[in-house]
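I've put the structures underneath this note.
Note that chain A is present in both complexes that follow, paired respectively with chain B and with chain C.
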Partner chain A sequence: MTVRELLEKIKQKAEIEDSKEDLGVLNAYVKPSSLRSLLIYMRDSLGFDWMSFMTALDMPQENTIEAVYELFSNSSKDSARIKVKLSRQAAEVETVSDIYRTAEWHEREAAEMFGITFKNHPHPENLILTPDIKAPLRKDFSGGDMKRMPE
Partner chain B sequence: MNGVDNELIKKIPGAPVIMTSVEWAINASRANSLWTVTFGLRCCAIEMMHTGGTKTDWSRFGFEVPAASPRRADVMVVAGTVSKKMAPVVKRLYEQMPGPKYVMAMGACAISGGPFIYDSYSVVMGVDKLIPVDVYIPGCPPRPEALIDGFIKLQKKIMAQKIRK
Partner chain C sequence: MEQKTAFEIQELTSDEYVLSMGPQHPATHGVLRILLRMDGEVVVNLQPDPGYIHSSIEKICENRKYDQVMPYTDRMDYLSAVSYNLAYALAVEKLMGLEVPNRGRHIRVILAEMNRIMSHLLWFAAYGIDMGALTPIWYAFRERENLITLIEMQTGNRLTHHALRIGGVKNDLPTGFVEGLNKFLENFNDMVDEYEALFIDNVIFKARTKSIGVLKKENAISYGVTGPNLRASGCDIDLRKLAPYSGYENFSFEVCSEKNGDSWDRCKIRMNEMRQSASILRQAIDTLPEGEISAKAPKIIKPTPGGCYAKVEGPRGEVGAYVVSAGTDKPYRVKFRSPSFSNLSALNEMCAGVKIADLVAIMGSLDIVIPEIDR
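On to the complex of A and B.
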């Protein structure tokens, strides 16, 4: 499946805000409300049976946090990258851990590192960090005894 | 024996007896049977294992056994980066060791935080923020020779201890 064909197929199922091709992989920004239905459709009908990883990106210039879901198909060997833009002040999105089990731990990691709230997550506590460190991978993080690199 | 002034031991001719001071005897016993808690946290641990291996065998100098439990150890080798999550464990194991106890900070991370000194949210900037350190061994990671040198420095420190305060 080419990137264009895949984009045409998922455009019928979800609201795509923006999309581009990056090194042969589709990058599609979807509305947070249609994320779950899109992932269920891609898993069941397009053969994307494997979630490679789920992570997040902090974009302070645009005041957004992007949640990134990288999918892979074991049958057609295609990859697809689904992204969701969230506001930095209230980063909140539905969990997809019941669709892809991989997402359970990855969402916990993204939650503690970027301060995203995953609604209906089965285990919403921290995965690795101690509770006193909050969202350390945000660009404006400053906490405790952390020293900034001199310019 | 290592680092020992020979004049401290006096042999009595014709009898299986040597004379020395109690201070020297106690210090020599301590310095030559240092059991270690090998606190291998990161890549320094590999060099520490190498130091205990056949090629640079550290038991030649009397630091014998890597103790399986801190309760029968005398010296703790903190080899690697101490993260904030590991900090309570380091402290607890140090408190479990019976006195007299000694700590060696091995490598740049255990001394000062090393390469993690800037922009790090998770690293303790030197193990001496948590527990008192006797010997600092610089290097990233230190070679086995450097670790053995640090151990011999610790033995010299132990031999200089006084019983009377």
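On to the complex of A and C.
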């Protein structure tokens, strides 16, 4: 499936805000409200049975945090990168951990690293960090004893 | 600081209790804590609690230049440093549009397959100890030492090799390397046969691992389990065949898979994979091309803005690097997808209802490496 064909297919099912092709992989920005229905459609009807990982990108200049879902199809070998733009002040999105079980841990990691709230997550507590460190992978993070490394 | 608790006391019935296994438990192969909800000797439920050796590598990468990130990638999976090197290098090279010369790609394959054998041998040794067999470690470390000596000749390091650079490899194969590897490969298959007969096919070992810790195929895929653990559950998915990289399409080898998805199948696959890796190594030595080992990468690497996800088949499964460039000399974001992270997340699925002694057998068969979970 080419990037264009894939985009046409998912456009019928979800509200796509923006999309671009990045080195042969579709990057589609989806409205947070249609994320879950899109992932269910892609898993069940387009053969994207595999979520490689889920993570986030902090974009302070646009005041957004992008949640990134990397999908792969083991049958057709297609990749797709679904992104959701969230506000930095109130980063909230529905969990997809019941659609792809692997997202459960990846979302827990993204939640503590970027300060995102995943609604209806089965285990919302921290996975890796202790609770006193808040969102260290945000670009404006400054911990008490964090020093810049020499170049 | 509040303590993480997975199970509230109120949830427990009167027969149940919570047991904290680790973080300093030898069978967890590093610093991992597992909270077990127990009913007598039976595991009702469990919750892994990683993070004790988190080293914030992803944050460090954002503050380093592209080439300076490379040594950090060694440190995540110390048993197969080359697979992380390779994933990161492939991602940056794709962003830059850099083509690695044939000889460089070949040397990468040789190092990656040597790493796979080294990693599987260490798993074999450590799993033996987990199961109360002390013999395997002496044999496995003897073979592993030969490979480490060879890799030390090539890179100067025994564990965190830092062998790869963006664009190719650092050093060409030194004099005596090919001869040494040939000598090692001469007897290696016989050794694997012997080890398999000694340990994996042993009746006591079979009784402890067969139909223990079964992972169903659909669960394995949904949890993102990769590598030998996935192939044991009846999926013949191997990225070297499915999405070839670094010239793997030129080598002929079999994807090893089994049907039952139990601990014994996972062991069997690793033993078979060592034979396949040895076969790839033989082909790679025989067809080693002449020429450059590295492409001319610019001194200051500034890829065009964009993101790239590159993945390779490490000894434990899909090792991936998602590199986002903003057009500067430092990566905007680097995310490492580590196989042990996803493999461990499926542990609860395998362990419900097993005895606690079997839990050690199941965890050992998953072959997890803690630093790559925490990163």
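Keep in mind that, in the parts below, the second predicted complex is superposed on the first by the 147 of 151 C-alpha atoms of A that agree within 3 Å, B and C clash if a C-alpha of one lies under 4 Å from a C-alpha of the other, contacts with A are read in each partner's own complex, and residues count from 1 in each chain.
Convention: a contact is a pair of C-beta atoms (placed from the backbone, for glycine too) under 8 Å apart; a residue touches a chain by one contact, two chains touch by 3 or more.
Keep in mind the model is a prediction, meaning the values are calculated, not measured.
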Partner chain in contact with A:Thr102 - chain B first, chain C second, else both or neither: second
Partner chain(s) touched by A:Thr64 [first = chain B, second = chain C, both, neither]: neither
First (chain B), second (chain C), both or neither touched by A:Ser73: neither
Touched partner set for A:Ser19, first chain B, second chain C, both or neither: neither
First (chain B), second (chain C), both or neither touched by A:Asp145: first
Greater chain A contact set [chain C / chain B]: C
Contacts of A:Thr130 with chain B and chain C, given as first, second, both or neither: both
Contact residues of chain A, present in both the chain B and the chain C interface: 128-130, 136, 148-149
Chain B residues touching chain A - in the complex, by the definition given at the top: 84-85, 117-122, 125
Chain A residues within the chain B interface of the complex: 128-130, 133, 136, 141, 143-150
Sites on chain C touched by chain A in the complex: 1-2, 4, 6, 47, 50-51, 54, 56, 58-60, 63-64, 94-95, 219, 221-224, 235, 237, 242-243, 306-309, 311, 318, 320, 322, 324, 332-333, 335, 337, 341-342, 345-346, 374
Residues of chain A defined as touching chain C within the complex: 22-23, 25, 27, 49-53, 55, 57-58, 68, 70, 74, 77, 79, 81, 100-102, 104-105, 113, 123, 125-132, 136-137, 148-149
